[in-house]
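In what follows, structures are represented as structure tokens.
Same chain, two partners: chain A is paired with chain B first, then with chain C.
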Partner chain A sequence: MFEFIGKNIKRIDAKDKVEGKAIYPQDIYIEGMLYGFTVRSKFPHAFIKVDVSEAEKVDGVVKVFTYKDVPGKNHHGVVLKDHEVFISKKVKRIGDPIAFVVAKSKEIAEYAASLVKVEYDILPAVFDPEEAMRENSPKVHDKDNVFYHFKIRKGDVEKAFKECDVIVENVYKVPMVDHAFLQPEAGVSYIDEDGKIVVIASTQYPHFDQEEIAQALGVSKDLVKVLTPAVGGAFGGREDITLQIHLAIAAFTLKRPVKAVYSREESFIAHSKRHAMKMYYKTGATKDGKLLALEAKIIGDSGAYASWSMNVLRKAAVHATGPYVVENVKIDSFAVYTNNPFTGAMRGFGATQVPIAYEQQMDILARKLGLSPIEIRLKNCFKEGSETATGQILEKVALEKCIEELKRF
Partner chain B sequence: MYRRIKKVLGGDILKKRGKGIGVTFYGTGYGNGFPDVSRAYARLLEDGKVEILVGATEVGQGAKTVMVQIASETLNIPIEDVILVNEDTSKAPDAGTAAASRQTYNSGNAVKIACENLKDNILQEAKKILNVNSKIGLVCEKGSVYVKTYPSKKVSFKEIANINNNLKGEGVFIAHTTQMDENGQGAPYWPYTFAACAVEVEVDTETGEVTILRAKLVLDVGKAVNPTLVEGQIDGGFAMGVGYALMEDVGLKDGKMLNSSFEKYIIPTSLDIPNIEKVLIEYPEDTAPYGAKGIGEPVLLPVAPAILNAIYDAIGVRFYEIPVTCEKILLQLNKG
Partner chain C sequence: MKIELNVNGKDYSIEIEEHLRLIDLLRDKLNLTGTKEGCGEGECGACTVIMDGRIVNSCLVMAFQAHKSKIITIEGVEDEDIKNAFIEEGAVQCGFCTPGMILAAKSLLDKNENPSEQDIREAISGNLCRCTGYNKIVSAIKKAAEIKRGGRNV
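Let's turn to the complex of A and B:
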């Protein structure tokens, strides 16, 4: 018997949040602090030239930062370092950060941002991942747009489909969606009494932000301190860097506290999206309802940057059969660059998209076979000792019990 | 809840009802052999309370509460005697990201190990103070150590801390996964969490509106550290699933999001969410702290497919593309 596990202990952060006492980065005010506003690309694919001279003349503007002002590496990214802190030559999506205007007030920063001149030399762009997979398509990163292809091969699908009594083939599409967390991105950066660069921001992984900030500043990790006050939801949308590095560079260079707060619209533009996917599914079963073969091709729109795409498309493929035993499996998943908003982590991480396909396939098969949705699932679901499409042997499987519970609905 | 009165026109029922289910699984963690490491430190403070340092971010999911409960259980001390430090990279060690439903499992294990190590050191110290011949037979309870068969021989954590102010414990947990080969064969994630959902919907064939009348969500949790928090995750995950199935799309046109504010990007409100019957299946996972698996993502996965299957059951139309908006439903129904 447990004393504390399994007990409904009141959330230890609840009282502060309910009473409005919890501190979010938006709430932080430091005497003499400056405000930053980001200039972003208006076109999805273009070479740019930036002129900040007019903006810097505005009374109250302290400095306009561009790629030239990045002290360390002008890049970041959770897996591939394919994001630039500020775009140096080519924008790859609408919303790419180009400059960060730092001024005495938010209003001045925002006004001066409108005076930053960006000259765009528009390039042909690609928005459809399947089009982007073609050889002659515009290249987002000056290389093949397909940057990840993951395969699962188990058994012999061709032979198995011949033995199937029923085969169901469909194409499913899911769109890009937003995390829509309650609290848009906000942060403050300053140098503390020990000379450390402090970044206060809503993030999911402070220790990783610390590394990325240190790299961009060209300083050792120990000189950077990340504080995470209350975070108003994340769902994967705070995995990638948004304003953390911009703030750190500004505070590090100007030796003054700098704050930035995104509007809801800027939040949508700044962070990743859930991957849009196109899923080609072919599922076959015998007449008694046993799944025999599954073939799937999953194309994930990574947008302009990789973020977690490799891991997301891998997770999508591993979960593509659903929680069912299928002895013959052929799955191909692809992550493809386009000039769309970039996609990354979002609750479920690839395992959210595939059930839209595999669970509808199960119902369509059940109907054709005269089985109930529960019957076909019980017949095929993972049990103690079952083997997954990747050959993994499962133990502690409570799935049958979960499905049985649905009988009482 | 606001619900319109069922209209009957010329004998045709304009609202049709249907039921559907969705069943899913989710592999926890970074996966595929990637080093998935959580670190935690536990330290006995002067006042007899225990400080837990772990860099697990509270993003609203309940990480703070779960870590404290695991520490309380392991050391058998009251909740208020655990001081959690998780918000400063210069103090709390790296516990990985608050994602992949991994904090309860991974960092929970790290906290548990750190507390077990601290407990061991506390008992060692208590053995000396109480002048007994072995740690065996000593019990930790409510911030004191005593001899189980002779409870009056007792010393408090505070007294122990005053004699030795350097009692600590470190916990490191690395989730095991095996990288897949070129044929995608391997053991990419662990543990897997299962979920099943049933919904009943009502489709208004005049407006295309889908109302979810009732729902049930069954979740394999291993062990619920805090059932109320799990139920909260189910409510939130269900709402996100409703948005995914019926409403949400950033609306891309030539790389531009047409729906980039809440004026156009519609998400569910509490009025769109029915009362959800929640069933937690407890089948403790051996490698998990007190058997508890990650549930933050698993709660979402079966919801949207259950809704899609229920819509088919109601109106006989299969939607291969989401979100299934009112417009899409009307378009399909008017095709005849």
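Let's turn to the complex of A and C:
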């Protein structure tokens, strides 16, 4: 009946991959290409002064790029343009890019990078998002650290909690997680025969990179071409810009091909993480196990930059009741800047963190009520026509069947 | 300094710097970019090659240590059974671990055509995969072993 569904389909790129012929950006070598190495912040929060003169004197160094060398806008970011291409005044996390040393070899670039002098005027930093929410805490972006607050309100939780026979209240915490895709970031940039700036990089977002590169170069979008060769895993971790703009600026300025490959360590430092979240949960039910009210406060650690935090914290809130019908709901989610590594997309976009909280709440409720974990879930799970906390009416819901299946185990 | 070695059946006599790693020799000098670098410190196995019949992490072997040795990289694997089994079982996703996995599998099957699941898991225990969750890789290696024992090609 179907051409593909239910059938085993071979990946079109699998043959190249098993033969070692698939090309990832680090596999690209161009005659006469230069190598770039990034100088990064060693402190989480500090004003900086940068002196590249010693580094530029090293034999084999072609140029050291800093914020002064960004031809267009010194910014990027998937939702808010709050990242700088190169830090101009203040670093906001360990790993913030400060300079990009371009040299004839990797070794020279890396050596010269160690000679870039960065003077740090260290500022008090904040690493706990709840602390960052307080008025008197250090400000990461010189404004309120809370930059997103999403609310869901349904029914009347206050009244409903009074009618509950049992209420459980707990705080859940989940840590940051790195994607650890197996292929560290790498890329090559050059100017092609038509005068276009080409960036070959493993990215999840080539069309958006194109726009961000063009803005940083101060050129129109059609002068920038972003090519995505084989990508060695991503899981959300390649949605933000890492080396794309650095490479493009270098190739655009020097008119020579430039390549950069991150080490595993630099990869960890350079890209986003999954949001650490602190989740305050209060869930109430009647004595026969029907959920009546749920109140949750979810605080997401956005780290130094926003990346996809709004989308992630919105999704966390939307999923906060789990797949259960609750008539009275009050949910508040927040995205908060801190001086931690920045957090963004990672498999589930916020829907991954909240089950730790809502499912444990269900188990604890069940135990208190003397019900089995399956019973309490069957009693409350989304069914055909159920209404979610955000007012969506659901169709084609097969959850009950799935839970029934679990009885076998 | 100058070293001699055989890579994928071809003899090389090549001038190298003392600090060069085997992985750099293969990728940067011999253009064999199928060998991947995932960590550079012996954790991930993406750089696995076969050296004198045994798998090694080519990021941890200095090029000069490969003097007079025989190296097989993914480009030199002629065993179609393993490659086809990987394709058919869906053991390849992003593919960055794949060359190393195939060499680890080859090294196992060269010695043992009837490995248990435990043998297979042990054989690839030095190779990380972030995409597949390993099960499909294990079934691919099982399948390749079956094909070999049946003495037929796919």
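Note that in this section the second predicted complex is superposed on the first by the 409 of 409 C-alpha atoms of A that agree within 3 Å, B and C clash if a C-alpha of one lies under 4 Å from a C-alpha of the other, contacts with A are read in each partner's own complex, and residues count from 1 in each chain.
We take it that contacts are C-beta pairs under 8 Å (C-beta built on N, C-alpha and C of every residue); 3 or more make two chains touch, one makes a residue touch a chain.
Note that the structure is predicted; figures quoted are calculated from it, not measured.
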item: Which superposed partner A:R264 touches (first chain B, second chain C, both, neither); value: both
item: Partner chain in contact with A:Y24 - chain B first, chain C second, else both or neither; value: second
item: Touched partner set for A:G232, first chain B, second chain C, both or neither; value: both
item: Which superposed partner A:V318 touches (first chain B, second chain C, both, neither); value: first
item: First (chain B), second (chain C), both or neither touched by A:E3; value: first
item: First, second, both or neither for A:D13, with chain B first and chain C second; value: both
item: Per-residue touch tally on chain A - higher for chain B or for chain C; value: B
item: Touched partner set for A:K173, first chain B, second chain C, both or neither; value: first
item: Chain B versus chain C as contact partner of A:L394, first or second or both or neither; value: first
item: Chain B versus chain C as contact partner of A:I152, first or second or both or neither; value: first
item: Common interface positions of chain A, toward chain B and toward chain C; value: 8, 10-11, 13, 180, 230-235, 264
item: Of chain A, residues touching chain C in the complex; value: 8, 10-11, 13-24, 26-27, 29, 179-184, 230-235, 263-264
item: Chain C to chain A touching residues, read off their complex; value: 27-28, 31-41, 43-44, 46, 73-75, 83, 86-88, 90, 92-99, 102, 128-131
item: Interface residues, chain A side, partner chain B - complex; value: 2-13, 44-45, 93-94, 125, 127, 150-154, 170-178, 180, 196, 203-208, 210, 224-236, 238-239, 264-265, 268-269, 273, 276, 311, 314-315, 317-319, 322-323, 331, 338-341, 345, 347-349, 351-352, 355-356, 358-360, 362-364, 373-374, 377, 381-382, 389-394, 396-399, 401-403, 405-406, 409
item: Residue ranges of chain B in contact with chain A within the complex; value: 19-27, 30-32, 55, 57-60, 62, 64-65, 68-70, 72-73, 76, 79, 84, 86-90, 94-100, 180, 182-189, 191-192, 194-198, 200, 216, 218-220, 222-229, 237, 240, 243-244, 248-252, 254-257, 260-262, 265, 267, 277, 279, 281, 283-286, 290, 292, 296-297, 300-302, 304-306, 308-309, 312, 318, 320-323
